[in-house]
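Look at the two complexes coming up: subunit A is in both, with subunit B in one and subunit C in the other.
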Partner chain A sequence: MIDRRVVVRGAAGAAVLLIAAELAGRSGLIDPVLLPPMSTVLAGAAGLLADPEFLTDLWGTVIVWATGLLTAIVIAVPLGVLLGTLPRAELAARPLVEFMRPIPSVALLPLVTLLIPYDHGVKITVIVYAAVWPVLINTMYGLRDVDPVAKETLRSFGFGRLAVLARVSVPSAAPFVLTGVRLAAATGLIVAISAELVAGGTDGIGAFMIRAGSGYRTDLILAATLWAGILGLLANMLLVRVQRWAFRWHTERTGA
Partner chain B sequence: MLDVVNLSHTYGEGPNAHQALGGIDLKVAEGEMVCVVGPSGCGKSTLLRSIAGLIRPTEGQIRIRETTVADTPGDLAVVFQDYSRSLFPWMSVGDNVALPLRRRGKDRTARRAAAAEALEEVGLAAASSKFPWELSGGMQQRVAIARALAYRPSLLLMDEPFGSVDAQTREDLEDLVLKVREHHRMTVLLITHDIDESVYVGDRVVVLTRSPARVAGELSVDLPFPRDQIATRELPAFVHLRAEVGRLVRAKKESPPVQV
Partner chain C sequence: MRRLRGRTFIIGVAATLALTACGSSNTGSSASGGGLEKTTISVGVLAIGDVAGLYIANKKGYFKEEGLTVKPEILQSTQFAIPKLLSGALDVALGNYFTIISATEKTNDKFRFVADTYQAKSDVFDIVVPKDSPVQSVKDLKGKKISIAGLNSIAELAVSTTLRVSGLDPKKDVTYMPMAFPQAPAALKTGQIDAAWLTEPFLTGVQKDMGARKIADTMTGAMADFPIAGWTATEDWTKKYPKTMAAFQRAILKGQQAASGDRKAIENVLPDYTQIKPEVASVINLGAYPTSLSATRIQRVADLMLEYGYISKKIDVTPLLVPLPQ
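Right, the complex of A and B next:
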């Protein structure tokens, strides 16, 4: 389980940062309008939970993020299984993947905005673009790393290729797929908020920040940032839980 | 029951080609337990994988009950040396044993019952709901044997099945295989590099030469059953047979096949 000393040290580190930020604001070292004291930010963050406007924005981000992530999974997992099982298809697709993967998905915003007239659709599209790659690559590697002895075992009993794929390759690659989903979730949130900041739109944490910024409410910008961070943290914790629970066989064996 | 005729296999092509098998003839009768021995790296596993239909030999023919093996025959079971890789870690022990039975057209209840029975036979009735990796190496190999047993194959292939366990476990597993084979009157082809083991468990020992492997010679093992780790191994006939097998294994490639 989690080491208690790790928790204590981690909390100490966070406390030092919070106190330093608090002092910087209070002492006048930094203009409190630019960097409000941490206590103000934390109080603001708590207050936001009672603010229906912010909740609508928070929900807007969660919706595009989750929809984008799910769509990416639906696209990338079957594609990864296909490319991971057919080496020729993988060779043909590799240059394309290597070229498209590094394109920052936010750079696609101007084009996507022209193509899709619908605000959430634009955001979901760029999230899908960013989230597809980690899932795709991890699925492909997971399938390529399936133990040949495991496959031959089932094959020797007379099972066909499709049965071996479904009963051996896919289950054995599943933990890698979930790792890809975890990476994609983190990337997806970054892209969701970036898209909201760049493209604006009606709702979203990013849209909230822009509105707070136009009113010089740096405390609210920071408070919203805090919630964005918490959102990412929660998603990761949830997925780690799923991984531990569903793939105990993998974690126990590899000691991961 | 098993008929291997002039089997050759070459890996790769051109200057990097490696001929693993150089024309092997081998027959296994119904209910017989044949051990194939040979120096390590001689192509024993290639022979087994060809019979299992996992690789397509370059030349020659394999017939099981008069049917030529083209793809995986579907009526045999293989126990591999590396049990930790051969068992599926995401499935319980019981599910591992039951899975191949889907090929037998059995429903869920029948599969479970057959798996439980096979596990009982290898002394692991209580381990059904555990995961393979929660068991010791010897126990994992017992699970692999139970999986093969439950399938009721017409031919059981074993590739160095006791090569990854300690000496004590090895003896236990040898006796287990002798017992279940006796009980089910199974036809078994066991591949090993261990001369003593081949004589101890086999009805017949076939010795291969260095690669490209050919049959160097074969011996009938007329030791009495049931075999016993201590008593059988001290019989003069056992000592004599292992010496004969040893000579064949060490023989130069040029020497003509010996028939004993």
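Right, the complex of A and C next:
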């Protein structure tokens, strides 16, 4: 469970930052024309929760982000298991992976936009593209790091390759996979909002920011940014909880 | 073993290359409705004054009267409308004449204007400088950095035309800084740029917030009443959905008529689709909302683009226009 002291300390850290930002605005250190004072931004952020249009936009981002992340998991986990257990396949796939992984997925937007005649589909595609790699790589390395003694023990008791995979390799790689998912969740949110900012769309936090920008409302852009951060924070908290709950044995063993 | 590994690696490389070499083709989807071929259309818009006619038509139910549902999709710039129109993600989009005419030259004549939507008026696109700037006239811009909304765009055409009138050479005498409108006020304030080419609501914003001064109205002389943007579709789309197109055009016409006759109608819809504050909406300068698609007017854009080398050959705009059937 999450320690109460940790929450208090985290809140204190955030408060110090917010107060510093407010003081910088009030004292004239930062020109209020360029950057509205933090209290204005916070009030704007609170006000956005009562704005049905912003809620539609928030929901739009959550939908493409979640769909993209789930699709990435469905693709990357089986592929990672396959490549992690078959070294020769991994070797053959490596150039492809190393070629594709560094391509920034937002740079693929013009191409994907041409190919997919559906606004959410375009965004989900680039999110999947970015989110697949952390899950895939973590799954592969998780499988490679499986305790060889445990595998050999099962094998010497006459278990086949698939049984060893199901009973030892996959369970012991699972915590790594979830770490990959956490990384992918963060990347997915970044890509979702970047794609909305670049390509626009029917909804999304990024589309809201475009509207706010076109209306000369820096305060609303920052308020929406705040909600994007909160969204990422909530997702990470959720995944940490899942990790602690599902892999108590792992936490105890590694003391993490 | 090493040889085998080498071979596997080569197979991998070959597979990579084969995959990247694979092309992909895509054909548009088809849909059918009652009298119209399509009853719901996606329309690409920008969150700016240009598209007020569409939102008025939507609010007053003109699209509904035609049996049409319009789903607006916010675009970052009209440049992104081009791939979305080609893929079929958008049926119609706001296209600025400059961008679409240059795209026409590059895409084999694929785009059609189905209605005019926005035309410049005085003080809708101005060059401004900070309050304490030494720049007093266009001539003083020599050696300065000017932000424009995009290179190779209506922004560059407008500013370059203004500079030429004052005897400056836009290629040698100034530096253009491509910058989206929302970023320009901050850049002007910090001194990253010396002057900015802005439109509303930024023009009113910088004059009010930081006392910025207007140096020139760029839509004068050769560019007075210049056509800015029109509703754009692909040629295929106009042929495939003629009834849907006509329904859209009729509703837009009513929206444009309402917008051109009554400023209050525009002020009423601006807060619906932009984040412009209502008190700002009531003071900003707006362009004109034409109610006809005139070849003579739009030909001016192509001719001026040719004169300054933005296109390589003369383009007759008449075949690009698909006006509402009379």
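We adopt the following convention: the second predicted complex is superposed on the first by the 236 of 256 C-alpha atoms of A that agree within 3 Å, B and C clash if a C-alpha of one lies under 4 Å from a C-alpha of the other, contacts with A are read in each partner's own complex, and residues count from 1 in each chain.
Operating definition for what follows: contacts are C-beta pairs under 8 Å (C-beta built on N, C-alpha and C of every residue); 3 or more make two chains touch, one makes a residue touch a chain.
In this text, all values refer to a predicted model and were calculated from it rather than measured experimentally.
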Is the arrangement of subunit B and subunit C around the shared subunit A a clash or a fit after superposition? fit
Quick one: classify A:157 as touching subunit B (first), subunit C (second), both or neither. first
Applying the document's definition of touch, where does A:147 land relative to subunit B and subunit C: first, second, both, or neither? first
On subunit A, which partner touches more residues: subunit B or subunit C? C
With both complexes superposed on chain A, which partner does A:106 reach: first (subunit B), second (subunit C), both or neither? neither
Counting only touches as set out at the top, which of subunit B and subunit C does A:42 meet: first, second, both, neither? neither
Applying the document's definition of touch, where does A:122 land relative to subunit B and subunit C: first, second, both, or neither? second
In the superposed arrangement, does A:63 touch subunit B (first), subunit C (second), both or neither? neither
Superposed, subunit B and subunit C have a smallest C-alpha gap in Å of 12
Of all residues in subunit A, those that touch subunit C in their complex: 31, 33-34, 88, 91-96, 99, 110, 113-119, 122, 197-202, 207, 210-218, 220-221
Note which residues of subunit A are touching subunit B in the complex, please. 147, 149-150, 152-159, 167-168, 171-172, 174, 247, 249-250, 252-253
Under the definition above, what is the set of subunit B residues touching subunit A in their complex? 49, 52-54, 72-78, 80, 82, 85-86, 88-90, 99-100, 103, 131, 133, 151, 157
Inside the complex, what are the residues of subunit C that reach subunit A? 5, 8-9, 11-13, 15-16, 19-20, 24, 26, 28-29, 42, 44, 46-48, 71-76, 80, 83-84, 86-89, 180-182, 185-186, 189-190, 201-202, 205, 209-210, 273-277, 280
